[in-house]
Amino acid sequence: MREKLLYGLGLAAILYLVRNLYVIFLVLPDELAQGAIYRVFYFHLPGYFTAALCYLLAGIFSAMYLITRKWKWDSLAAAITEVGLPFAAMNLITGMIWGRIIWGIWWTWDPRLTSALISALIYAGYLMLRQAIPDPTERAKNSAVMAIFAFASVIFTYKSNEWFRTQHPGPVLSIRTGGGTIDPQMEWMLAHNLFALLLLAGLLLAIRWRQEERQREIESLRREALSFS
Amino acid sequence: MIEARNFTYMFYGFAAAWTVIVIYVITLVSREKKLGQEVATLKKLIAEKEQSR
Amino acid sequence: MSNPLMQGSGVMLGAQGVWRYFGDFPALRDITFEIEPGACVALLGHNGAGKTTLLKLLARLAAPQKGTIAAPPLTETGYLGHGLGLYEDLSAIENLRFWGELHGAAEEASGQWLKRVELDHVATAPVRQFSRGMRQRVALGRAFQHFPKLLVLDEPFTGLDERSVKLLQEVLREALERGSTIVLSSHQIPEVMALATRTLKLDRGRLV
Amino acid sequence: MIAAAWQIARKDLRQELRSKESLNAALSLTVVLLILFSFAFDPAAEDSKQWSGGLLWLVYSFAGALIVNRSFARELMNDCLEALRASPVPSSALFLGKAVACFLILMGVELTALPAFCIFYDVSLLGAPWTFIATLALTTWAVTVLGTMFSALTVNLHMRELMLPVLVYPMLIPPLVAAIELTRGVITGEPASEIWFRLLIGFDIIFTALAVALAEVVLTD
C-alpha cells in the first residue's frame, strides 16, 4: 500500500514538473530585460522556498523529538534536512549561473548569497554530526539540539544580513511587495513550480524517512547479533 | 517563443538544477539497496545464532 | 542533608516496570523491584546483561523510557562508576574538596577521608603521581565522604589491590551500620557475598 | 546555581593553570599565525588598516576553537564527566561554569597576544579603547558560549577536534563579522555603525539563553 502511494506520488510529481517545463519554455514570454535566462528563476526561488521549509520543519521535528523522545521525529528531522540540501544546491547553482549573465560574475559576497551558503554549510554540518555519533540515543539527542541551534543561527544570519546593503534583487512576490513588480502570469508559474518541487520533496522525504527507520532497525539488529554471546 | 539571447546559460541552469536532483535520487536508490542487503544478512546471522543456542 | 547520625533513615528505592532502550533494542526489559532501607544488594549477571544501565538509572544518571524509578535525590547519593573521577593535575585534597563541595559534604570531610585511607602525607601531591592503588583509595572518598544515604557502586572490587579490597569492605560495612543502602554490581562473588543481604540477577535485560 | 557554576569554573581554571595545555597551544598558535599572515598580507601596505582587524579575529577564533575543544574533553579522563553528572550540580550550572572558564582563558590569551598584533601590524587601538574592549568581551563570549555547547555535543566523538570547528565556525559568522567591522572602526578611527554592537549583544543573549535552556538535555542521557 505504502509502496503504491509512493509510486503514485512520484508519478504525479514528474507529470506536474513536465507540465510546468512545457509552460515555462513554450507558453510564457521572455522577460524584456533579461531574455531567456530569467527562466532559471522558476527553479531558483521555489528551490529556495523548498529548502527553507525543510530547514524550518527540521527545527520543528527536532524540538518534537526532544519533547516526546519518539524515534519517528528523529528520523523525520534527519530525512528532511538531507532532502532540503539538494534544493538549496539547486537554488545556489541556478543563482550563480544567473549572476554570471546579469552581474557578470559567478559569485559575489552579497549578504543574501552569503547567508544561503552559510545555511547550507550549517545543515551539512548537522548531517556530519549525525554520521559521527554511533550511539542512536545520543545521536538523536545531540543532533536535535544541533538542529535547534542551526535554525536559530540561520534565522539570525538571515535577519542580520537584511540590515545590510544588497545587490540581490529585492522581494518580487506580491505577498511582500503589495503587487505590481511581477507579471501575475509569471507569479502563477512560480507558485505552480513551488508546488511541484514541494511534491517532489515530499516524495524524497517519504523515501529517505523509511531508510532512516530501517537504518535504526539495522543498528538494533547488529546490537542484538553482537550481544548475549 | 524563446529568443536566442542567453539561451545557452539558461540551458546550463536547468541542466544543473536537474542534475543535482538526479544525483540525489541515485544516492537514495543505491542506499536503499545497501540497506536491504544489510537487514537480510543481519537477520540471517541472528537466526543462525538462535539455532545454535 | 545527609547526617551520619540518622540511623536507619529510610530511603525509597526501587523500580516499577522499567524499560531502557538502545535504539530499538531494549537493554532493560520490564524491571520491577523494591529495596528496603539499609539493605546491601548485589547485582549479578553476565557482561551486557544490563547491570551498568540499571545502576545508572538508580543513580539518576539517566532516565528510563518506560516505567518509574524511585531513588533519593542526588545530594544523598554516592555513585562510583567504572572511572575513578579524579583530575590528574589537581592534588588529592583538591580533588576531594571539589567533589565534596559539589555534594555538600562538610568542609573537613576531605581531610578526614585522606587520613582514614592513610594518604594524608601526600594530600597536596598531584594525583598524576599516585599509584593505581592510591588513586582508588582517593576515589572511594568521592562516593563516601558526604555520607550518602544511597551508595551505587559499579564493579567496585574490580582491579583493586588487596589493601584497597579490605578498605572497601570496611567502609561498606561502616556505611551499612550508619543505615545507608548499598547497591553494587560485581564479578568478585566472594567479596560481595560477605556483605550482601540480598541479590538481584539480571539476564539479557530481565530480572531473574 | 551561581555558586555551583563558579565552583566548576574555578576547578577548570585551576586545572588549566596547572597543566597549561590549551593556554600554551593557543598562545603559540596565535603568535605563529600572526607571523604567517604577515607574509600573506603586507603589514606595511597602505590599506593594512582596513583588513588587519579582520585578521586579528581570524586568529582569535582559531585560538578559541582550541580552547573550547578542551573544555569538555578534559572531563573524559577517569570518567569525570560521568561523576559530574552524578553530582547534584544542575546541568545549566555545569555548562555556565565551563563557558565562563573558557571565556576567561580565551580573554587571557587574546590580551596577551594583543601587543604582538599591535607591534607586528603597526596598529594602535588607543583611539577608542573602550569600544575595542567591549567588542573583545562580547565577541569572546559569543565564541565561548557556542563553542562550549558544541564541545559538549561532540565530546564523545573520535574526531571531535575536527568536528567542532566545522560545526561552530559557520554559526559564528555573524558575530565575527560584527567584531571585524567594529575593530576596523577602532583601527581606522572611523567609528563603525552601532548596529554591529546590537548584533553582538543580540547574538550573545539569544545563544546564551538557548544554550542554558538546552544544557540539561545535552548533559543527561
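Going by the order they are written in, the chains are A, B, C and D; count residues from 1 in each one.
As a convention for this text, a contact is a pair of C-beta atoms (placed from the backbone, for glycine too) under 8 Å apart; a residue touches a chain by one contact, two chains touch by 3 or more.
What you see is a predicted model; the values in this text were computed from it and never measured.
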Report summary line: Reported most central chain by Cα centroids is D
Query raised in the report: With chain centres defined as C-alpha means, what is the inter-centre distance between chain C and chain D in Å?
Result: 37
**Report entry** Separation of mean Cα positions, chain D and chain A [Å, integer]
**Finding:** 32
Report summary line: Per the C-alpha means, the centres of chain A and chain C lie apart by a whole-Å value of 49
**Report entry** Centre distance in Å when chain B and chain C are each reduced to the mean of their C-alpha atoms
**Finding:** 50
Query raised in the report: When you check chain A against every other chain, which residues touch at least two of them?
Result: 135, 137, 217, 224
Query raised in the report: Among the residues of chain B, which ones contact at least 2 other chains?
Result: none
Report task. At least two other chains touched by the same residue of chain C: list those residues. Result -> none
Query raised in the report: Who touches whom among the chains?
Result: A-B, A-C, A-D, C-D
Query raised in the report: Which part of chain A faces chain D closely enough to touch in the complex?
Result: 66, 114, 118, 121-122, 125, 128-129, 132-133, 135, 137-138, 141-142, 144-146, 148-150, 152-153, 156-157, 160, 163
Query raised in the report: Within the complex, which stretch of chain D touches chain C?
Result: 4, 7, 11, 14-15, 18-19, 77-80, 82-89, 220-221
Query raised in the report: Taking the complex as given, what residues does chain D use to touch chain A?
Result: 146, 149-150, 153-154, 156-159, 163, 166-167, 170-171, 173-174, 195, 199, 202-203, 206-207, 210, 214, 217-218, 221
Report summary line: As the complex stands, chain A meets chain C at residues 69, 71, 135-137, 216-217, 219-220, 223-224, 227-228
Query raised in the report: Which residues of chain B touch chain A in their complex?
Result: 1-7, 9-10, 12-14, 16-17, 20-21, 23-25, 28, 31-32, 35, 38-39, 42-43, 45-46, 49
